[in-house]
Amino acid sequence: MTAPGPILVVNPNSDRTVTEALSRALDGFRLPGAPAIECVTFEDGPTGILTEQHVQEAALAFGAYAAARADAGAIISACYSQPGVDLARSLTSVPVIGIQDAGVLAALARADLFGVIAVAPGSIPRHLRHLRRLGVDGRLAGEVALAEPVSVAESGRGERSFALLMQAATALAGKGAGAVVLGCAGMSGHRRRLEAELGLPVIDPTQAAVSMALGAILPDAA
Amino acid sequence: MTAPGPILVVNPNSDRTVTEALSRALDGFRLPGAPAIECVTFEDGPTGILTEQHVQEAALAFGAYAAARADAGAIISACYSQPGVDLARSLTSVPVIGIQDAGVLAALARADLFGVIAVAPGSIPRHLRHLRRLGVDGRLAGEVALAEPVSVAESGRGERSFALLMQAATALAGKGAGAVVLGCAGMSGHRRRLEAELGLPVIDPTQAAVSMALGAILPDAA
Amino acid sequence: MTAPGPILVVNPNSDRTVTEALSRALDGFRLPGAPAIECVTFEDGPTGILTEQHVQEAALAFGAYAAARADAGAIISACYSQPGVDLARSLTSVPVIGIQDAGVLAALARADLFGVIAVAPGSIPRHLRHLRRLGVDGRLAGEVALAEPVSVAESGRGERSFALLMQAATALAGKGAGAVVLGCAGMSGHRRRLEAELGLPVIDPTQAAVSMALGAILPDAA
Amino acid sequence: MTAPGPILVVNPNSDRTVTEALSRALDGFRLPGAPAIECVTFEDGPTGILTEQHVQEAALAFGAYAAARADAGAIISACYSQPGVDLARSLTSVPVIGIQDAGVLAALARADLFGVIAVAPGSIPRHLRHLRRLGVDGRLAGEVALAEPVSVAESGRGERSFALLMQAATALAGKGAGAVVLGCAGMSGHRRRLEAELGLPVIDPTQAAVSMALGAILPDAA
Amino acid sequence: MTAPGPILVVNPNSDRTVTEALSRALDGFRLPGAPAIECVTFEDGPTGILTEQHVQEAALAFGAYAAARADAGAIISACYSQPGVDLARSLTSVPVIGIQDAGVLAALARADLFGVIAVAPGSIPRHLRHLRRLGVDGRLAGEVALAEPVSVAESGRGERSFALLMQAATALAGKGAGAVVLGCAGMSGHRRRLEAELGLPVIDPTQAAVSMALGAILPDAA
Amino acid sequence: MTAPGPILVVNPNSDRTVTEALSRALDGFRLPGAPAIECVTFEDGPTGILTEQHVQEAALAFGAYAAARADAGAIISACYSQPGVDLARSLTSVPVIGIQDAGVLAALARADLFGVIAVAPGSIPRHLRHLRRLGVDGRLAGEVALAEPVSVAESGRGERSFALLMQAATALAGKGAGAVVLGCAGMSGHRRRLEAELGLPVIDPTQAAVSMALGAILPDAA
């Protein structure tokens, strides 16, 4: 059996800072003998996926990219809106995974009820629609947005954003959440510290997606 | 940060053949720098987890084992009935993952509807109860048992069991399943071939659990 | 109060035959004093919305069109995949209605369980995903595809397609459907005859959407 | 094809003031060439449908009326408890529509989550039972009663009731409702103003039912 | 504490044969010191509750009867359509129990999935609506009607009806039912024999309702 | 027909005070001619079922006990965690009933929405998991824990615990509960007074289970 191709982690916006943060959070998954993990920035994308218009445009770009990378081992739509997952699946036989799916499903493997931290209140309705489509909304303890505006890039570094994440996570624990999903690809830098201070599993959706991709493509034998 | 301890994959029955098959299917996940993967046989367990009595006894044994292995990075209940997951979570802060949860949730990350292959018809009601508890029964395309009796140990090797698996998987595809979960820890040996011949993702639940464990414990940085 | 602007019924494909059939089925809704009903063909669209790629491209085109028509009274995405409804709602304050939503919801106003006729089996999974997102999948008696290939344009005229529709509708009635939704914008030409021969309400989704649009925008007073 | 008979909008209580308000709210739907809209008062009914006893008695009266009006194009049970809809469907082949069904389903065609304004707290449990029967309770953002007692007749006119409606609707928007259903046939007089001041779709259930009736019976061709 | 009044088991039709059969099946519940069990025939009712019209008329009669019997310990609506349960609850503080509720809920206390035997296919949609309102439709293995026409009175006696019940119950067991509910008040005479021959719990809904009534009203101390 | 054997009410902990309180609450069900009701203390059990470890150990003990008592008419797992119900069903053909199932299902027979009073907040997540497995979580108005620590034995006697129960029950009524389940076997002593002061049905789960057991085993004829 030939070795699996690389896992492509696609940041559909043009903000390289975000991609670099994603990439840093995946360093621990870059193991000798395992598939390479390539983090991709869509240079032509918007600076952030903030509107339905952005989601739709990113879906097309992600589909086209997936169709062109038949060499990949797996392809990950690394924005919490996971643009283009259904489209890419219709265009390639390479495994395609969305980070919202992966983050939520990984949380369900760890606890009965889960909570989600949103960067901003405006994302919550879109997330709820997605959870209903996933059919797992019955296990949502709640979704809470950061109490102050934070950019995607800033959401994973610095004391201010950490304090806001901790406040949201604590509120979710109070609603019964046994695991907390970071509802944005940019927050990964805070995952470990938040998990330690909160005392509950904290799921970074991109790490969850990469680990699911490994499960899908690692060969049975070494 | 200290390196995470080993991932313990616990086969709660006393059949070493099953443990060895589990272990072989995980060889691809034994990567340099990654946590070790130790497969454990419960020498005092029954030869197979076939009855509710077995499940309950295995739960206690699994809980006791988990409580005693605070050195572990993660602990996996590697029987599809996943005995003792809730119990172990109440006794240790180490991540605990059940393979039925992991297998089903990994399937949901790959397709809209999933199917399950049961070793024997008698397991199906127990599985359905579990899916309802998971809250994901609405996405089950169906569960199909092998058409002839096959032992757990035999279910992952040989042409006869492969043919039976292929027959069940094809029936599930006909019911709309976009991904197929192997509903028994013993079937892993057939995963790759089944996936190739079926043309749909096939999920081995133990591999799914190990990949989720990696996602939970791999450090952010190399 | 100024009179409401026109109801725009957007056929996102480039097949004018389909648009003309849609328009004919809406003639009864063109009443003196009521908003005009304009049926629009997307000349740059594909000849049919057959793939996820088509759906995604149509969504962007529909959103752009909706954003540019602030003069409209209401805008209808008149393909059963209803591309761009969420996007358009984010871009305009004009009421936006999708025909799958409207057809299914109109059926629920007429009977306990409903059935859907799909043009082709390949559409069924996409429809089921949408019903789960709508949260009304619990009331689906079943979805049945036409037993032979029929083009969208052909699906609303001629004896062959009528016989296939009747066969599918009869199967749905046997599954307990108390109302039947035509699962494609092209079938409207057969609605009345099917309703009469079947003896159950048959819902044309475009007519359902236009009637809901009228309910949204007709002024209270004449 | 003969022209459809009139749409009968049945107010099952004896309060002509309510019927007249209903009728006024439907003036915009009385279009040349469209079916007539006749609003009917049950002179022998109670002055308001306030108790289960009233609902049950009204159901029988509505059924008898429906059975006697085979000349109708459609018959609407125009009380939010929609007495007699199932009964009438068993007695006539004329389309029968209940206004709670129509109002809620029309809201679902406009937004992801909906809210309902109840005249009084006592109606809420009955409404929730009905939503569960409809199978759409998963999309309810919430139901809120007017904060002060208001009669059905008064609920659609005057500044006091408007202010109470606006207060309830604002609370529903805060709970995530993207569309608001007026949970009583008497509130229609406030619909347009509430929609304008709230900035969200507001659904009058009787208008919703009449528009669905038009969709059911308008001929395909003019 | 004064002794509880009698448990009134109301057969809302005028067929005394049915009442007598009900009463016979309750003989075992007539224990010294326990509340009396009075079986009541509505002499003015129809000979059977076969239509929605019958259900609605019976609801009013049942409500009036319940309101007049404040001396009762509990009141049971002993027709599977359980006419008037909500109405009676609004008119009296005496516990009111419907036999469909009781039968289904008793089955859920005995097994994971349940099945229902209907006297005739026409009852099935009404039953399904009720199960959805109860919110327990997710645990229904299936509902099967007797394969040949049988009157309510005949459904609980004689070899022909027993054979038809056995055939239906066997079909339900094949669909996964772990307990079977007799979906008509008239079948009680066959309960014990069916249970013995089928090897699964068989629930007579009237017995289930009476035992729930006992649980509601028996004093804590002898 | 031979008379049914005794109903065994098993308190899986070693606290005889609790068993005696259970037994007292069942005195009213000890009727001449009815099956005897034997309340059993597991002398080797823990003093209270407070942890998952206790639940798992009690399940095995309950299963073994049930398997050894083929003479019983019915066997009840009389702890709200109902340890061992599934296990016991796999080991005996005697009817086995759990008190959480029975309490919740009896509440559903009395009202649309129900509430549960928990002894302590820590039990709530376990109860919610069970309700989801039962599939009736959609009808839960809420679960509320006593506001101060109370032992199981104390929870059914004395003014302090009554006041705490009344406070919790009132909160549940405010959330829409139409019936209240005592979420612990020890609270039965307060049932009648709570029901009287609250004005809503209050369900003691052990009484509910015994009455369902009577329904399952009382002979048809006296």
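Labels A, B, C, D, E and F are assigned to the chains in the order they are written; within every chain, residues are numbered from 1.
In the analysis below, contacts are C-beta pairs under 8 Å (C-beta built on N, C-alpha and C of every residue); 3 or more make two chains touch, one makes a residue touch a chain.
From a predicted model like this one, the values you see are computed outputs, not experimental measurements.
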Practice task
Identify the chains adjacent to both subunit C and subunit F in the sense defined at the top.
Solution key: A, B, D, E
Exercise for the section: In contact with subunit C and with subunit D at once: which chains are those? Just list them. Expected result: A, E
Practice task
For copies subunit B and subunit C, work out whether under half or over half of the interface numbers are shared, and give different or same accordingly.
Solution key: different
Exercise for the section: Specify the chain most distant from subunit B by Cα centroid. Expected result: D
Fill in the blank from the handout: subunit B to subunit F, mean C-alpha position gap in Å, rounds to 34
Practice task
Report, in whole Å, the distance between the mean C-alpha point of subunit A and the mean C-alpha point of subunit F.
Solution key: 44
Handout entry: Distance between the centres, which are taken as Cα means, of subunit D and subunit B, whole angstrom
Key = 52
Practice task
Take the average of all CA coordinates in subunit A, do the same for subunit B, and state the distance between these two points in whole angstrom.
Solution key: 24
Handout entry: subunit F: positions in contact with at least two other chains
Key = 129, 132, 135, 138
Completion exercise
So the complete set of touching chain pairs is A-B, A-C, A-D, A-F, B-C, B-E, B-F, C-D, C-E, D-E, D-F, E-F
Completion exercise
In the complex, the residues of subunit E that touch subunit D are 51-53, 55-57, 59-60, 63, 84, 86-87, 89-91, 129, 132-133, 135
Problem - Of subunit F, residues touching subunit A in the complex - result: 124-125, 128-129, 132, 137
Completion exercise
Per the touch rule above, subunit C residues touching subunit D in the complex are 24-25, 27-34, 95, 97-98, 101-102, 105-106, 108-110, 134-136, 138-139, 188-189, 191-192, 201, 207-212, 214-216, 218-222
Problem - Contact footprint of subunit E on subunit C as seen in their complex - result: 112-113, 138, 176, 178
